[in-house]
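In what follows, chain A forms one complex with chain B and a second complex with chain C.
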Partner chain A sequence: MAGHLKTQGDRIAERLTWRQLIELDACTSCGECQRWCPVYARDSRELLTARSKIKFLRKIVGDHLGDMEQDEFVRSLYECSACGQCHVVCPVRINTPELWEQSRASLVKAGIPQPGGQIKQLAAIKEFNNSYSRSQQERGLWADKAWESGFLLKPLRLWKEHPAPVLYFAGCTASYDPSQQAVAVQSARLLQEAGIDFSILGSDEPCCASKLKRMGDSDFLREAWRRAEMIREMGIKKIIVSCAGCYKGLHSDYASIWSDAPEVLHLTQFLDLLISEGRLQLRHEVPLTVTYHDPCHLGRHNNIYDEPRRVLRAIPGVKLVEMPRHRSFSSCCGMGGGLKLAYPEVQLKMSAGRIKEAEATASDAVVTPCQTCVMGLQHAVDELSSLIKVYHSNEVLVRSVCPEASGEAVIKAFSRH
Partner chain B sequence: MLDLHPIQYAKPWAIFWTFAVIAHGYMDYSLFRIWKRWSRGTDKNTGTHRNFRAALKIWTVEVLFQRQLFILSPARWGVHMLIFWGFLSLALLSLTTCIAAALGMADVSGAARHFFSSVRGYIFVKLWGDTFGLFLLAGVAVASVRRFLLRPSQQVTEQADTILLLFLLWLTLSGFVLEGLRLSLVPTEIARYSFIGSLFIPPSYTIVQLQPWLTACWSLHAFSGLALLVYLPHSKLIHSISAPLVIALNASAEFARKDIYWPDISKHRATGSLKD
Partner chain C sequence: MRSPKGYGDMGSVLTWGYYLVMLLFIVSYIQKISLLLRNKEGLPTLRSDITLSVIASAAVDILLLRRLFFSNPFLWFGEWLFHSCLALLMVRHLRFFMEPAPSCVFALQTPAIIAGYLLPLSLIYIFIAKLVIEKKSYIASSNFFLLALLLLSGISGLLMKIWFRVDLTGIKWFSLGIVTFRPVEVSHSPLFIIHFVLFLIVFAYLPTHIAAAPISLLDARQREKAVRSLMHEK
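Presenting the complex of A and B:
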């Protein structure tokens, strides 16, 4: 057969979708992406812009990219948090986060790997089922510690023992990271306060594996399918997720995988509902002026802007002030897309920029419902010696509902275990 | 009642149609190759059948009225709308008059052909051509000033951008010059409808004196138009095909995204980029 020998460009193009290949030709280099890009704002190199990446992609699928250019392109593809700001402002609506993730996966398949930091974490997720390289048995310990320390109204029940109507999915960060375990504890406590019958998976809880997709790991579909099957076999119908990344994973990335999709809600969506129905009582005044940071995975990627704001506004004493860039124009803290693993210095600059924006509002605290954003922003606060506080939205809420379950108290109690 | 005497001057029709067929064939082949390039991708399911109405609504607002650009920058929106509607309307006019000319050559009579050979039709063509020619000229002029003089930081100018702008400028200006030459031979009552072309009317010349100039100008303008067909698939103008396609495809998947497609304009325009 006079077969057409596949070039590297063909191999990369074959793993992009038809729509994405059209998108490469639809970019006019108008520069709107450059104007709004939070990475470019901190390091004004044209290479970092979406239009530059698209130009490189066009070249690589057409086999016109030189070796030098390839190195530059690969760096620019990973020097990006895939925050989606360029998607929002693109006059042609090129779905850039999807394009970057798919391109990363295509390049990996074509033999062009991710940066070292990302490879390490991807291997950890696949080997340990979490990004902390910790044992699965440790995953559910936060629940036992929380009960023993008196932060819960009653012990948490495991799904396998009590398949409740609602499953609370804590995620890796809130399960393992000592600085963020309070998020899981507070989430559980708030659900208990509202009288919700829920269970957790404990040591059976899997990593959602969405980070594999974020960083272009080609095993994502297989790993996600396994998890989706497990959840389907358990008969879970409603999942409440407190992690923005897990929410994007289970709600959006799994959308094409679920055979019988359970309802997936982010905690703030559920709490908003509970507050509006009067099931969660906000008892104490919290005298705080706060500014809200939209996590990309909730806002731009999933259109969740109003619910977290309604929750904050419902808390007596809380005054919400917006930063100039908010909602779909919110500037990214840099914690997404594996950027911190590949280029931590870039991520820090982005978080520092966001902290300066927050400071300019004269708020007491910047609040966000994503523990990963909390970690990134807190790092910037420490580096800048800023006086502004960084709170997970749970922290503000528990001060009104159950102040004894504050983050500080949880960290202190857990450190004694 | 005004009487319209068609202006007769030599036009190299045979060469023109030969080149038109070649240019069109080349453009079609190039577009086919682009299509093949796109077809290497996976997942050709567009999903448009599910949300066709929503996608069409978004497409209308986003492509025909370019609301996204308006939200981001009313000034840039204005310039792009001038170029977009100017180019599109002139392309439609060229297509229509070409078809009318072809019908005339084929000696096919009908209402359409009758209209274009009447005074009313002539005036309509003049008004249409001049209005949208002015749109295009103004748009290209302002875009050139922005790109080459103001040079905003978000603008990157490549050779292809310069070539395309010069090409469009040349096409528009050569069209107006040709129009001016033609108008010098028609009654003033009719010529005035060509309100821009009439600015290019030369001082009194006879038809005999003007004929070689008319032929030269017509040829330059017409063959430049054909050159544009050849250049289109290799230029940024390809976005006139791919961008509406992408908008339609993405709109069908994201039609419910009010933050992207139906944002609160007043709220978002108040925000600034980090560079501002």
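Presenting the complex of A and C:
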């Protein structure tokens, strides 16, 4: 119907797909989303539940909300890590993470912006090509430092000089964040130990831009397309990603963008393969009882549950104990969906809850293959003064393969540079 | 066409009430569709990758409430029992609106009688599961209202079956009068009138998920089949 006066709800409905509009009507308000929601578990407000968000969306489509209702809706939409737990338990299988992301984008289009913290990070990604507001030249420095500090078997080669069969994509966090650079170093070392011929992009490595999608930025498609084109033009056929967020970005968010999709694997998938083929030798015993935390972007969003567990079980001496909530029911640590940027206190409560679950297993450490989850969980450990350790899965693996490349050693050596 | 004895005026009131509820239902759907169409360029299209296995998987999801089984097996038992009994009873009720009724409707007599007993029990079970066991404000007020209406409807139907027998021939005349647009007197049974009014209220509050949920489940199954699908379960 052309020419009618568009309401705020019309502008929001325009951005939602037909399927999403149908999904709004499919909600039965059964309450399973409330029962399992990790945010609701820490702050029992009905507004936080998926059914409440859907109720608001139903009301807003074709109409508009009052000021107070709008504020409540916007807060509930961003007070959410888009972890996908509500999707997993939804009896009618509403694709909630996609719905929240699309709703965020719709709200922005209708003139209702993201919370301030998210806007700042989105601007940084677009201006600096990373979420740390740092120069691109600094991005590949971890590789030089790692070689100079003796953590690598040989220097890493850049793709433009040596287009190897495999590209290792470190991502922003492991490239820039001093507390997580060990993830990049250890990933590279483990690939070298297995004899893999790979290269890195160094200062040419782009931010995957998936955070734009997570936070409803309408520039995502354009930014992602530019990156996909760059990767296609370089002729890259296989990408190994150590970041769960980048994996979701390159593997899943880019699904409709790639014109000639390269194979995208998460590091744990690749390491699982290398261990099963006997190419990665697990030499030393690691006497640790660990519990595994499933990152949402790998587990619920991409079905990667078994590979990281197989890697941990393969390490001699490691005993894996599951938390009551694991695999598709794993409690989110709150680090996804821009939640920490908007409501850091909520994220901390979620991580603290997860740490308490891990402590109850009497494990020495909680292990996860996502550096963002590591950061969130470590924050909770510090706040709770918990004795449990938080390790990236690489850390446990290098203790068996090459103990000299431990996280502690990397951080110490890098701090001297 | 007149039944032997009954409330003449009440028959007209209930018949017109039925038409009004049906009209409201149709108008609300037309309104909803037109609201969506004004924001979309074209009609929704089916994905090209729809296959028989996708349809079969979605059908299993719908018929067995498969997701609920994994997330809440305790509640699943009650919900599955309730939905199965309701479906069976609805099919069985077709005998009042069709002349002659199909033989399959008659064949369902024994299971439908059992379902008539189980339906109120399953609803009480769901109430207990949601209100007592979950502790939190798990049940939405709209669902609470609907469950209460269904429970009262089920109990009134059961009472007519066991203790307060009604003139089934009269009810059939009344029902046929509705569908043939020739209103007749309603059977002389206050319990039936209550049962019918409850049905009308339930229909007026009919949740939208009845039409949308199967589409949502089918879409989820199609998404799973995609090469690089998003959102998995295990």
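Quick note on the criterion: the second predicted complex is superposed on the first by the 413 of 417 C-alpha atoms of A that agree within 3 Å, B and C clash if a C-alpha of one lies under 4 Å from a C-alpha of the other, contacts with A are read in each partner's own complex, and residues count from 1 in each chain.
Please note the rule applied: a residue touches a chain if its C-beta (ideal position, glycine included) is under 8 Å from a C-beta of that chain, and two chains touch if they have at least 3 such contacts.
Only a predicted model underlies this, so the values are computations on that prediction, with no experimental measurement involved.
Enquirer: After the chain A overlay, clash or fit between chain B and chain C?
Expert: Taken together on chain A, chain C would clash with chain B, as the superposition shows.
Enquirer: First (chain B), second (chain C), both or neither: which does A:P38 touch?
Expert: first
Enquirer: Mind working out whether A:H87 is in touch with chain B, chain C, both or neither, as first, second, both or neither?
Expert: both
Enquirer: I'd like to know which partner A:R51 touches here: chain B for first, chain C for second, both or neither.
Expert: both
Enquirer: Go through the superposed model and pick first if A:P324 touches only chain B, second if only chain C, both, or neither.
Expert: A:P324 contacts chain B only, not chain C.
Enquirer: For A:A224, decide between first (touching chain B), second (touching chain C), both and neither.
Expert: In the superposition, A:A224 touches no partner, neither chain B nor chain C.
Enquirer: By the touch definition at the top of the document, which applies to A:C370: first (chain B), second (chain C), both, or neither?
Expert: Neither: A:C370 stays clear of chain B and chain C.
Enquirer: Look at A:G353 in the shared chain and tell me whether it touches chain B only, chain C only, both, or neither; answer first, second, both or neither.
Expert: first
Enquirer: A:L167 contacts which: chain B (first), chain C (second), both, neither?
Expert: neither
Enquirer: Let me check the overlay on chain A: which residues of chain A are in contact with chain B and also with chain C?
Expert: In chain A, residues 10, 13-14, 18-19, 21-23, 25-32, 34-36, 46, 51, 61-62, 87-95, 299-300, 303, 305, 327-329 are touched by chain B and also by chain C.
Enquirer: Within the complex, which stretch of chain A touches chain C?
Expert: Residue list for chain A touching chain C: 1, 4, 10, 13-14, 18-19, 21-32, 34-36, 44, 46, 51, 61-62, 84, 87-95, 97-98, 251-252, 255, 261, 299-303, 305, 327-329.
Enquirer: Show which residues of chain A lie in contact with chain B when the two form their complex.
Expert: Against chain B, the touching part of chain A is residues 10, 13-23, 25-32, 34-36, 38, 41, 46, 51, 61-62, 87-95, 299-300, 303, 305, 324-329, 331, 353.
Enquirer: Would you mind writing out the residues of chain B in touch with chain A in their complex?
Expert: The touching residues are 34, 37-44, 46, 62, 66, 68-69, 72, 152-156, 158, 161, 236, 238-239, 242-243, 245-247, 249-251, 254, 256-260, 263, 267-268, 270-275.
Enquirer: Tell me, which parts of chain C touch chain A in their complex?
Expert: Contact set of chain C toward chain A: 32, 34-40, 43-44, 61, 65, 67-68, 70-72, 130, 134, 136-140, 142-143, 207-209, 211-213, 215-217, 219-220, 223, 226-234.
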